[in-house]
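Dropping the structures in below, format is structure tokens.
First subunit A sits with subunit B, and in the next complex the same chain sits with subunit C.
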Partner chain A sequence: MAYEPQYYPGKTKIAQNRRNHMNPNVELEKLREIPDDDIVKIMGQRQPGEDYKTVHPPLEEMDLPEDYVRDLVEPISGAKEGHRIRYIQFADSMYNAPAQPYDRARTYMWRFRGVDTGTLSGRQVIEMRESNLEEIAKNFCIDTAFYDPAVCGIRGATVHGHSLRLDENGLMFDALQRYVYDEKTGHVLYVKDQVGKPLDEPVDVGEPLSPEKLVEITTIYRKDNIPMREDTELIKVVKRIHRARTLGGYMPTEDTFKDL
Partner chain B sequence: MESEKKLFLKALKEKFEEDPKEKYTKFYTFGGWKQSKRKREFVEHAKEIMEKRGGIPGYNPDIGVPLGQRKLMPYKLSGTDDIVEGDDLHFMNNAAIQQMWDDIRRTVIVGMDTGHAVLEKRLGVEVTPETINEYMETINHALPGGAVVQEHMVEVDPALAWDSYAKIFTGDDELADEIDKVFLIDINKLFPEEQAEQLKAAIGKKTYQVSRVPTLVGRVCDGGTIARWSAMQIGMSFITAYKLCAGEAAIADFSYAAKHADVISIGTALPARRSRGANEPGGIPFGILCDVVQTTRVSEDPIEQSLEVVATGAMLYDQIWLGAYMSGGVGFTQYATAAYTDDILDDFSYYGYDYVEKKYGINSTKPTMDVVEDIATEVTLYALEQYDEFPTLLEDHFGGSQRAAVAAAASGISVCMATGNSNAGVNGWYLSQILHKEYHSRLGFYGYDLQDQCGASNSLSIRNDEASPLELRGPNYPNYAMNVGHQGEYAGIAQAAHSARRDAFAMNPLIKIAFADPSLVFDFAHPRKECARGALREFEPAGERDPIIPAH
Partner chain C sequence: MIEIEVFPHRYLKAKTTERFLNEIYSLSTVDRVIIHGQPLPKTVYYGPARGTPVNHSERKIIDVHGVPVELTVMAGRFWITLKDDSEMDKIEEVCKSLFHYGYNIKVGKFTRDKSTVTDYIKYGEMLVNMMDRTLIGLTDPRSKYESSVKIIPKDSKKEHAESFSGHI
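And then the complex of A and B:
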């Protein structure tokens, strides 16, 4: 019997939004078109147009020992080329940012190969071969409904803001003020790269989504939107996991799980 | 709980001076670090220091991250009315936190019965209340650094060691009656009657000495020194008080008893990879910390009793042990203080108390999975909903680790209130963590991905190498050894079980009695208040070197 991934439990809109993120067959709404070079500028690791730095020769040119895992696993393109590994890190506001840290981690793992990701409360990093990273940073992480210019921050260090109140323009706090609200256009402009180095010219990442839209697409439970209390299926699954871990302990037997 | 009755509201209003329910505010307008009186003072001090040391630069808040882009919040010590700056809760800036650890580290308990048996059965020397009083007078001369046997000895200036003394306690009321009151830790006077009876029943007729080695000794040397310093002075005092021969074989028995056989250290020695000896924070089990804290003697409120243990544990395990000994960092204070400031954990815990009191009664139900799940789920959801409802509360606990620690601690404490079972409580903690993770799709720092995801598997096991009763676990328990925001809370959960049961002690009655001593510098009945006094610079510590340095 073929395994049918369920992605995430829960009967609420929040649970469905989480499933939509994780399910690679769901195409997220494309909301903006940020030029490739602008993404590269915000990431701050390569000059636009500059060749990718490599850390080893192309795999084809390398004399590697035989290993059947190499026959089983197709390397991603950046690995084939020997590109170095770089990162992009996001901070997501608890005020209804579209993606949230564990949602990001699970989404990356479901949708992409060659990913190394780390999750904390205030930031979520993804590391990949640089060329592959830039591709998903643009096409998935920033151009789609996975991102909002006001309540998602691209931040390498001094990331804090996820839990703070929003500023008067609805932007998430950033001690380094990497992005600002342009009152003339109503757009958010990045004036510094992700580690806070000033950019030669601002990068426009577009208009913030409306609060109504954020409430529709967010993946965080909130009492003033969809409270977790309402998602009885999710709570039931979490309790089941807890009970299985507790009663299974170090000697799980089938009996342990029979009546869960 | 109705909105206006939330315990944390007073602190939030003081901290932010804005509507705690408002989601929008202004940032970047507070004047950076200059908004903080304490940081301005730091800058002044740094200027003086730079001049004194020939221009070598030091503290400069304009280096690195721009501090103060948002309001640098003050903190209200929970359970008090004292509001202090965050910097003043760092253990380096807080003499009370330092003394709390000094007083624990410099304490060693030594059983007297072996020594007395050697005197009576081997040497035929009579031991009476009078000889014990004479011995106590001698040890109170020797322990701070006075000579008793050799005639050409250097000694310690008593002004440096005013905090050093020895006392005695016993479960034998008749003997206690005849001991000079200045030497006696009087169980009957210091504890409520029911607790005194429990304690005396637990220790029997035995007699113990409590040695308080000078604070300075612990600071210059280490916790492993304390039992040795105490043992050396005990041996010398026995020789003097009982007129023994300094070289006779029986002295070896006193030494063995005082150094090994009858010694109760506060913390056990740690494995080599932790690089610490006995009586260091990493070796202090949670149950022992419960017994060090004395709120059970002075308050009948089981939540307050538990929260004072959480606070002491946060200071000791998070700020001092993990925050400095183990990591060398300076930032752990921010995590740790979340558990004892702004009445937030208090609010969550009292909510849980009310919930279990109505539904189950206190210490009135068996620790089943259903009970743990019900209570931990309700308290966790309540706690997290408060962060949704009050944006300034969320901003106060701006790190996920802070929120995870207090929501789970309140859950664990509440489970203990219903069941009186600490392992059920810690199981509730773990359920809280994984519920929290799905609620916010985030939890704490990486550490919360470790122990809090696998902890349920060992929370109801007491088999060797798999787990332990929570009271016997400690900072060096596998998986607990590296994560801030846990250990103080675990200790509080252990205390909660015993508070619900109205136990006089959690793990070791000797520790509970030894720290009931009113002569201690730090008041272990009110650790949060003491911490506030330290932050407000009202606390007078021991271990100062003024008598031997130029006037300043």
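And then the complex of A and C:
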């Protein structure tokens, strides 16, 4: 029988949102259209229109020793071309951000190939071949309901802010003020790239989502939304893992695993 | 002497902080206010952009009863020392008018009022015994007096002290 991935346990809306993120067959709602060049500017690693820098010649031109794993695994397009590896990093506020670091890690691993991701408490970095990274950053990470201009931040360094109260405009605190709220248009503008270097022109990333919409699409269990304890199925799975790891670690006998 | 903590549910813009401080300092029972919040750096202190000016729009000089005060933090809570609780309703009103997104007010003890052993070692016994008692517990131990404490003169010739306390 073919294995069907279940992605994530739980019967609540939050669990369903997590499954939607991870399931590559689910297409997330497209909410904005940010031009490619603007994404490149925010990432700050290449001038818009500039050629991709390479770290090795195209794989086809290279004389590589024979390796059957290389025959099995199809390289992604950036690897074929020899593009260098770059990163983009997101910080997600605990105030109902659409994604959060663990969800991001699992989602990237389910959906994309050739991705190296690092999970920390308040931020999540993706490393990938530059051309593929830009494509993912635009088409998935920023243009869809995976991102919100107010409670998600594109921050390469100095990410502090995910666990703080929002500011008066509803934006996540950023000591470097990479993005500002335009009170006339109601849009969020990036005035610096992800590490804090000023941009020549501000980049408009659109209007923040309404709090009601964020409550609908968030993947964070919260006491003032849906608390984790309400999700009995999830609690059951978490307890099972805990039991298997702790008790099973101390005493790996048949009895310990009997009721799991 | 009682202490209260005003905790708005959002981090405040410099403009709101200015209005709040001006209204609070108009009350006769307010002795001192400690502003606690997130520090706003002048320059980027980490990463590839290290040394680039930040130019944060909320790090600016505000005017509190005619005294220019440089805000170095984004205010998140205020610890206010009051003479008594007779004007609590007025503080509540100020909060209600400014913080429409919600706030908490708590009565408690938030700062120290006695000199510590460190104070005696750092400043010497004579200086500690001579110093103004209202300045104890006003700032972080490592902050400098000139940049973190402002004295706002009061009509009744008494003075109000104000300090900044940053927290990462």
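For this structure, a couple of remarks:
Going forward, the second predicted complex is superposed on the first by the 252 of 260 C-alpha atoms of A that agree within 3 Å, B and C clash if a C-alpha of one lies under 4 Å from a C-alpha of the other, contacts with A are read in each partner's own complex, and residues count from 1 in each chain.
What we mean here is this: contacts are C-beta pairs under 8 Å (C-beta built on N, C-alpha and C of every residue); 3 or more make two chains touch, one makes a residue touch a chain.
The shown structure was predicted, so the numbers you read here are calculated from the model rather than taken from an experiment.
Overlay on subunit A: subunit B and subunit C clash in the combined arrangement. In the superposition on chain A, A:R165 makes contact with both subunit B and subunit C. Ranked by how many residues of subunit A each touches, subunit B and subunit C are led by B. In the superposition on chain A, A:Q177 makes contact with both subunit B and subunit C. Looking at the shared chain after the overlay, A:K223 reaches subunit B, while subunit C stays out of its contact range. Of the two partner chains, subunit B is the only one touched by A:R243; subunit C is not.
By the touch criterion stated above, A:M94 is placed in contact with subunit B alone, subunit C being left untouched.
In the superposition on chain A, A:V195 contacts subunit C only, with no contact to subunit B. By the touch criterion defined above, A:G118 reaches subunit B but does not reach subunit C. In the superposed model, A:Q16 makes contact with neither subunit B nor subunit C. The contact surfaces that subunit B and subunit C form on subunit A in the two complexes overlap at residues 158, 160, 164-168, 170, 173, 175-177. Considering their complex, residues 9-13, 16, 38-41, 44-49, 52, 54-58, 74, 76, 101, 168 of subunit C touch subunit A.
Put simply, subunit B touches subunit A in their complex at residues 22-28, 65-66, 69-70, 369, 373, 377, 381, 384-385, 387-389, 391-392, 394-395, 397-401, 403-404, 427, 430-431, 434-435, 437-446, 449, 454, 456-461, 463, 466. Chain contact summary for the complex, subunit A toward subunit C: residues 156-158, 160, 164-168, 170, 173, 175-177, 180, 192, 195-198. On the subunit A side of its complex with subunit B, the touching residues are 18, 94-95, 100-103, 118-122, 158, 160, 162-168, 170, 173, 175-177, 219-224, 227-229, 234-235, 238-239, 241-243, 245-250.
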